[in-house]
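Labels run A, B, C and D following the written order; every chain starts at residue 1.
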Amino acid sequence: MGTTIAVIGLGRMGQSIAERLLASGYTLRVYNRTASKAQSLVERGAQGCANPAEAVRGAEFVITMLADDQALRETALGEQGFAAAMERGTIHLSMSTVSPEANRAVAAAQREHGSELVAAPVLGRPDVAAAGQLVLLAAGSRALEARCRPLFEALGRSYTWFGDDPGLANAAKLTFNFLLMSIVESLAEAFTLAEKQGVDRAKFFEAARLMFGSPSFDGYGKRMLAGTFQPAGFTATLALKDISLALALAQEARAPLPLGSLIRDHLLTLLARGRDNWDMGALLQVDRESAGLS
Amino acid sequence: MGTTIAVIGLGRMGQSIAERLLASGYTLRVYNRTASKAQSLVERGAQGCANPAEAVRGAEFVITMLADDQALRETALGEQGFAAAMERGTIHLSMSTVSPEANRAVAAAQREHGSELVAAPVLGRPDVAAAGQLVLLAAGSRALEARCRPLFEALGRSYTWFGDDPGLANAAKLTFNFLLMSIVESLAEAFTLAEKQGVDRAKFFEAARLMFGSPSFDGYGKRMLAGTFQPAGFTATLALKDISLALALAQEARAPLPLGSLIRDHLLTLLARGRDNWDMGALLQVDRESAGLS
Amino acid sequence: MGTTIAVIGLGRMGQSIAERLLASGYTLRVYNRTASKAQSLVERGAQGCANPAEAVRGAEFVITMLADDQALRETALGEQGFAAAMERGTIHLSMSTVSPEANRAVAAAQREHGSELVAAPVLGRPDVAAAGQLVLLAAGSRALEARCRPLFEALGRSYTWFGDDPGLANAAKLTFNFLLMSIVESLAEAFTLAEKQGVDRAKFFEAARLMFGSPSFDGYGKRMLAGTFQPAGFTATLALKDISLALALAQEARAPLPLGSLIRDHLLTLLARGRDNWDMGALLQVDRESAGLS
Amino acid sequence: MGTTIAVIGLGRMGQSIAERLLASGYTLRVYNRTASKAQSLVERGAQGCANPAEAVRGAEFVITMLADDQALRETALGEQGFAAAMERGTIHLSMSTVSPEANRAVAAAQREHGSELVAAPVLGRPDVAAAGQLVLLAAGSRALEARCRPLFEALGRSYTWFGDDPGLANAAKLTFNFLLMSIVESLAEAFTLAEKQGVDRAKFFEAARLMFGSPSFDGYGKRMLAGTFQPAGFTATLALKDISLALALAQEARAPLPLGSLIRDHLLTLLARGRDNWDMGALLQVDRESAGLS
């Protein structure tokens, strides 16, 4: 019987990670605020738990995949939170896209109880996670790397250790999400410019993707060409959360981020028009509407 | 002995194209304002010519690869220009990155003398051209496509025909260049944000390129990490020319292009600081300096 | 009987200037492409003329107030243009909002015929002109200042001589128009922010104008509060012309102008939505619509 | 003997307000964290107090003028805070530039102890306050207006009541500060454009101020022309605090604020270059340096 891992937070991403770990032979304890989401994992052998503190009992690793700073803080530090319940010497892999600060706060609380935190946010969508092909951005005490490696190898095709401060991994992840959104906005403006000039967008995209040929680029391009923004892969609301975190980091670091501000403004327009749940590829619609297209 | 082609404009790109055509068995007549640049081609069998009008004599195709609108207009329509000298029924493949308008003007002049213009700007650098792996963006009378195809296949791995108006291919090319610069600016801001937060940029880039994995992205990323902006692949001066053309098209089409304006402003800062000949990857320096880095 | 002045271009501004000069005792010769616009001036004693060349006959001063570069070039340099017809030693006061280049070209042509050009674009609306309260921005050979002064004093409450190069006055005027549009955009964003927060805009404006208390500010604020953008004082189309000229100067001078680009983009959105003839105060609508208001 | 007023926070603005109230015959109780700042007021008859709770004893009005949200929260709600110590039915005039949220939180705490909060941030500098010429932006229960009026009339030339929610006055104030900074940025870009074209900036400004003629505009213009940014009237650090609050309100209200983002980025550049204590008029330096001027 394998190492025991607690997985807390079973949204689409958390679920895919849990599935992958089950398939890799690990023993799982799972918890989600809405218990029904744990059902299919329990059917496949995971141990369902009633609260975060119970979930981490006997676990060598705790993986969290939660919506935002607040969810992480509550789950770790709130009533029945897991921070105080983790056994000495065990490791919390904090995989959510949250602020460096949130991870630092949880790490400090854990330290008082003798457990460790490694930030390990991931690049890739749920299907990539299920296939064990994520790219992991890790940071925390370097002494923990060897212990984490087998898990990282089960989940991803690659990982990078950014340093001792767990916040560095979150900073890298938010910078990556900024970059991804920037490329989406770039493509949105290019498509709009093409359309207004009477250039066939699909033909333009075929040529452009031959030059760029990246899966992310392709995925967003196809979605934009199809004009299908629901169901979302990454909602405008989540995108606004992430770009706001990136802008806050930029401000703290005293780095202008003009493209970040542009994206934030366009996301606000999406939300102001009631498209909170549209995919962020709908940045295209903001640019198109500013050009008089509907 | 193969079809005769005139190649006019022997900068690095024109030269690579000419070499590729020689290697593919075509008979070449070549012209360049600075004659010395024709030397190596002449040594390999091309016929050097004294002026554009002479170059096109007996040629079934004329390929131009010139610096800008003005150079194209002068070479085609000026004294000893080739537009009036082309034989009836022959085809001018206008491959420069110029405005749609410039091509339309030359096309109109040619039409009076019975020859045709197909706009065929290309995606890819000189080394890509030499390998016959360009992506061509073509537009012009559809009836000419079949005659152009063998040449396109000699030069590139793919071509797209955008329509009957030659200007469409130029519009597509300028839109592509805008997209490329946008991605460079995106990466420049991401690198600056990473650096100011103490995130190792090289590690960040390794993770990011695993996700994006496109050659253009990789090339610019490596250049930025190295901080080597000379010699340039694509100078700030040329980039400013192209983004200005894109902004002019956007204005004419009544399409806002906020990212285009941002890039233009940052290029102006590069030029205002005397870096005209730096590669446009030096957009990174503008962002770094705005963040107080030097 | 006073000095003879030719006034060419009788739009609302030209007309107001002509009226003011008539009222000040000058003898006028007038020309407008659409002759009917000269009618009321002729009734008050001005001499109507059939073309620009005829208008300048016997005039010591020629005043032009035309729509744009092209109109100025045609009227001065075209068939029946006035540049060649002006008498030696007479002065052309070029008052239109045009590019420095256009004035320099006309000045050069005049010089060949022995006449002079002083650029003298004006700040203020037609009603201000009629009251003789304009602010004039002048440039040209300093030796001409004393001769121009009486006219400047008839037309305005103040004038500034920017130097020997007539283009300097145009550069100053375009910079002023950029500043004016920037203040309008500032107010548009402030009003939108206030509205979205439930802050009474009229109350906000009352407080703000007590602090700023400038007529331009007041005029635009009132128009925005009323939401009345037609008839226009200054159309979106004209504003786009001017901001494009300012951006071109900025590019030539290698000066980024981010606010200029923002204004240009918002004007393009106005035009893309068919509001070419709305007052530029309608920049408010662009901001409101981006915030989901209608 | 007049009404008793507690004045808490004796920075330059708080001090000027206190002086004005003393001169108007009110009885003052004063408190400042650094006690020495109370000295000159005590010499003129004010009662110096040891902490906020003591200051409000017997006072019918409490005026706070503090640096930011945190200072307000601590002074009102912290140990020896005044919220619990105010007598029933008395009124707190919260004059600091803080977030609507901070005032709402203090108002809620006061309500539990039976006292009232009226937000009353002010427009104008310390010298304007000393002269009783402020413009006040007020909000809170309308029933309190009549009682506040005499104080407002002692302090200012005008006040506006924005509604029952105290946060509305703060929203209006932050919107005003955004507008003021926008006008400063507008002028900074105009000056830079003028300078790069060789247009005499002082002459340009003389003409522009004749058209705009507002004291704020004049003050900033003169400072920029002189290039004297220290000592500051309004530091870059404070400006960043205010624009960040405005951007946060905009985000909450789902209103893009592109000019706000531009200002934020330029302030970050100022700070990244170590100019935290420069006046925000130094936005000019950011624009100049981007244009290659030093």
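One rule holds in what follows: contacts are C-beta pairs under 8 Å (C-beta built on N, C-alpha and C of every residue); 3 or more make two chains touch, one makes a residue touch a chain.
Given the structure is predicted, the values throughout are model-derived calculations rather than measurements.
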item: A-B or B-C, whichever has more C-beta pairs in contact; value: A-B
item: Farthest chain relative to chain B (centres taken as mean CA coordinates); value: D
item: Whole-Å gap between the CA centroids of chain B and chain C; value: 40
item: Geometric centre distance via CA averages, chain C-chain A, whole Å; value: 54
item: Chain D: positions in contact with at least two other chains; value: 250, 254-258, 262, 265, 268-269, 272, 290-292
item: Footprint of chain A on chain C - complex, ascending; value: 265, 268-269, 272-274, 290-292
item: Touch list for chain D against partner chain C, complex; value: 123-124, 135, 137, 157-158, 160, 162-163, 165, 168, 171-172, 175-176, 178-180, 182-183, 185-187, 189-190, 192-194, 196-200, 203-204, 206-208, 210-217, 246, 249-250, 253-260, 262, 287, 290-292
item: Contact footprint of chain C on chain B as seen in their complex; value: 240, 244, 250-251, 254-258, 261-262, 264-266, 268-269, 271-272
